[in-house]
Amino acid sequence: MLDETAQGVFTIAVTPFLSDGALDWDSIDRMVDFYIEKGATGLTILGMMGEAGKLMAQESIAVVKRVTARSTVPIVVGVSAPGFAAMKTLSDAAMELGAAGLMVAPPGSLKTDDQIVAYYHNTAEVLGDAPFVLQDFPLVTNVVIPTKVILQVVEDCPTCVMLKHEDWPGLEKISALRAASDAGARRISILCGNGGLYLLEEMLRGADGAMTGFAYPEMMAQVVAALRGGDLDRARDIFDAYMPMVRYEAQPGLGLAIRKYTLAQRGVIAHDTVRKPGTVLSAASKAEVNALAARQSVKLKSLGL
Amino acid sequence: MLDETAQGVFTIAVTPFLSDGALDWDSIDRMVDFYIEKGATGLTILGMMGEAGKLMAQESIAVVKRVTARSTVPIVVGVSAPGFAAMKTLSDAAMELGAAGLMVAPPGSLKTDDQIVAYYHNTAEVLGDAPFVLQDFPLVTNVVIPTKVILQVVEDCPTCVMLKHEDWPGLEKISALRAASDAGARRISILCGNGGLYLLEEMLRGADGAMTGFAYPEMMAQVVAALRGGDLDRARDIFDAYMPMVRYEAQPGLGLAIRKYTLAQRGVIAHDTVRKPGTVLSAASKAEVNALAARQSVKLKSLGL
Amino acid sequence: MLDETAQGVFTIAVTPFLSDGALDWDSIDRMVDFYIEKGATGLTILGMMGEAGKLMAQESIAVVKRVTARSTVPIVVGVSAPGFAAMKTLSDAAMELGAAGLMVAPPGSLKTDDQIVAYYHNTAEVLGDAPFVLQDFPLVTNVVIPTKVILQVVEDCPTCVMLKHEDWPGLEKISALRAASDAGARRISILCGNGGLYLLEEMLRGADGAMTGFAYPEMMAQVVAALRGGDLDRARDIFDAYMPMVRYEAQPGLGLAIRKYTLAQRGVIAHDTVRKPGTVLSAASKAEVNALAARQSVKLKSLGL
Amino acid sequence: MLDETAQGVFTIAVTPFLSDGALDWDSIDRMVDFYIEKGATGLTILGMMGEAGKLMAQESIAVVKRVTARSTVPIVVGVSAPGFAAMKTLSDAAMELGAAGLMVAPPGSLKTDDQIVAYYHNTAEVLGDAPFVLQDFPLVTNVVIPTKVILQVVEDCPTCVMLKHEDWPGLEKISALRAASDAGARRISILCGNGGLYLLEEMLRGADGAMTGFAYPEMMAQVVAALRGGDLDRARDIFDAYMPMVRYEAQPGLGLAIRKYTLAQRGVIAHDTVRKPGTVLSAASKAEVNALAARQSVKLKSLGL
């Protein structure tokens, strides 16, 4: 079961499809193996990047079943939904199938501090004993969650064990949360998103690792390891070597297509299919990714990686 | 099957729940009978007011089954979904179960004219032969659909047979659409929403009727009938008698709770339960509804209704 | 000077222009006289409806000068601005010229409770001794202000003496604020907006009057007077007689054009010019206004008005 | 006068303030000299980064006067305003004082293609003969401008000579605009924003340079020069050396504070004061900037810069 001590890299997994849009089970297995081999300490499935909203209810459950059966690391399942009935159905099924925890982003209708707190009270009640991750991603959800609201949820809901941090800018929020736990608040795990674009600074501010879908997940594992080993220069060298690609992936709406293209190029998934509505990568974009990958590869060799 | 000649009143149905939140099948039956008795020429289920987003996938299908089995008028089923896979699952099931047509609102991610057109191209392809209603409700969807985009969809997608009109302000849009069909564009049915707040002017601008959930659906039927009978003064008298209540229901986020309360008061549904997350009506609000209903009743009597 | 005891009707004034868009000084004078004659206990100028954003800085000051010189009732001046420098320039000038108070709406960039409180702390500091009105209008500002945030501002800023209430729905907020002042919070004046669409219920919940721009301001004065006189039925009769027009004016973006058209029809202002960017009323809309006005006039006669 | 052949680097200038918030004229002069010395081929003042909304009307004109008097390169003045009266006042004054052109971002109220086109028709009329830059920055303005709308404005408004490109993602838009001009549309200048985060790819797609406020403007000049000289590898080396800092500056809302801090550290401006409402940089953030600057300096030395 997921708890407040979780750390390292929880890779946000894509959902691989065949070229006709059907689920690609073989690629799912290969992807799970790949992420773990590249250093994942956990996996997160059915998040925004997992195209959760485009799956049918029974497909979502089938994906959870396949991944939990294959994985040797804990699985977090995204269960955000417009209503609590659908959230409960999926979350009960996921925990039954062996998920370690659940992740919930706030719906865009929440406008005030108290509304957000109340929403997570309801969420915690619906999820029962299952530990959950609060996803804080205002750029996409349009819900700005102040630090004090997160602390209120942490205080009120013992099953909230982790923050998926991707507020932007968000560095001060990490510092504030850590100051609060130093002062006595329950300390939860903070894993950071945003494709890893601020991972180095986030770790130095007190994050426990990354939860994001950068298509070279080894970067996150290596940066986290170097920092834990106390080698800040090494961490910066690795981080900077990948940064042009991290930045390229950060283009909103394009990121998923870029990641699927890269994973297909790396032989992890068989097709880079994105379900409609979704973005198709242009030839020019693919050439840009290729140019960045080639250059990245040279830099990594010079670092002995 | 729904087509461009549809007119009159398609009542937007609530989804009745027991006090524990489970579906209330007896109330569903009573509600279907009630709407038809009060003059509905069609029913629309699983719309926003039907709390569609709060139902589990299998619940949605069960509701369609129950309503289509009971109803003697055509049923339109709301199938808006974040992805086309879920939309297809529900729409195929609904048509199989005897629905007359489907309704689709645009997702909030659409920002430009071409994106909206492309979305409805995809929608039409996914829905196949089934006729569909384009729902134009910017206050809730945040998607503004210009008249020319609607006309493009009408031109490109022969299965688009109706506009659920609830742009606000929206009177000029009706005039522009009718001018376009007078000039040769395919003429589709226009049924108006917004709780009926502008029904009289909408009809005079060329709408074919109402598709909305005002808890006194007889008002819509009576106004439409009076106008069709050429008695504008009578139409205005009836319209004005109900207006304080229409206006009270128009409060965003509160409307559904008010309607369920009124339907329960009228003996149509057994409980006014709204699933979470949702609004609970205060005692003060209930008293306001009661005061308006009492006064409305007096005015209607003076009109011989 | 404006204070917490303000009540009655503060009419939101339009800014009259000549047909070429220049300020129309004669119409301004006539308008001030008209509003007062129709029962205004105060006037609010340079609000959103006053096209404040479309005036040059020196024009704004000239309007304040003209209106304060003419008026025999207190003048509130809207001073909302993207920055505090411009706010200070206008507010200092307005108070110097004899304004009774200032009104400030929050900028759309505010997302959390604390950001809103901080913004009004800054505002109060910038405005110095001048009393101010907090404008709460989420439909336009996109800033939702919870009751507890208003109470915090009231507690922290002694110069906040009035709420311009136009949250929608907003009735519970009035009840909550009055419960808070009954329990010891400082009681400020609450004047309500939204074109008067909920004025009757708002007064019964504890509001002190209206601050809105309905083109028949006598309605607000009469309803408030009837309620203060304890004659609820009379208040409802008057309110209902005007409601079709109030509702018609409530169309967002169109309201201002409708009001200027009506004021021109009533002989108050010489032209119904709206500065660009703005809406031009169609012939069909003008005909609808005329039809509503004619019917309203008949109803008022039957009420002896 | 600005025209379609503009290229290179138009630095977006900050507006320097003394520690009490007053305009800092000496720093303005130093800043103009610094930007030009670092390779600016033009300057853009009173943009969003220039805190334009926080200046009083007369301050804006005084800044234009000071900068145009000092500069040896063309000056573009941001004149975005809620209304055309204020836009005209400032733009007439700016052109009179020797500005080379004006820049206009769309107001957030524009929702459809035709509304955007109409707004720029009005803008062009208001600006008269003065050449103008269309600012395309959806992340801040919330207005998504499709390529075909830009092309329509270019066709209809001969005084539109430049696009400030900062749609995100925006690379395909550059390709599409260049394909259109290759096919016969008028070719306008495209200068790119977003702090330079995609400058390399943007240039390769057909942009003419940068218009952004990165605090090391020499980066932009050097990258553009290397690309014009045909040395792609050199361009990438320089670009990558600055990328950790570009990325750090890209934090929304924080970017301006970081840039002012850096410019103060570099001795260009005397104070890093940001007018309220604005962000104050924490000690931790300053330390992060310092660490990035130190590392950047080492990398640049290894490149002989």
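First chain written, first letter: the chains are A, B, C and D, and each begins at residue 1.
In the analysis below, a residue touches a chain if its C-beta (ideal position, glycine included) is under 8 Å from a C-beta of that chain, and two chains touch if they have at least 3 such contacts.
Nothing here was measured: the structure is a model prediction, and the numbers come from that model.
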### Query
Chain by chain, through touching neighbours only, how many steps does the shortest route from chain B to chain D take?
1
### Centroid-based (C-alpha) most distant chain relative to chain A
C
## Note on the structure
chain B and chain C have mean C-alpha positions lying a whole-number Å distance apart equal to 33
### Summary
chain A and chain C have mean C-alpha positions lying a whole-number Å distance apart equal to 47
### Task
Report, in whole Å, the distance between the mean C-alpha point of chain A and the mean C-alpha point of chain B.
38
### Task
Please set out, as single numbers or ranges, the residues of chain D touching at least two other chains.
none
### Residue ranges of chain B in contact with chain C within the complex
168-169, 171-172, 175, 197-198, 201, 204-205, 236, 239-240, 243-244, 247-248, 251-254, 282, 284-285, 288, 295
### Message
Residue numbers of chain D touching chain C in their complex, please.
### Response
21, 51, 53-59, 81-86, 89, 107-109, 119, 122, 275-277
### chain C-facing residues of chain A, complex
111-114, 138, 144, 146, 148-149
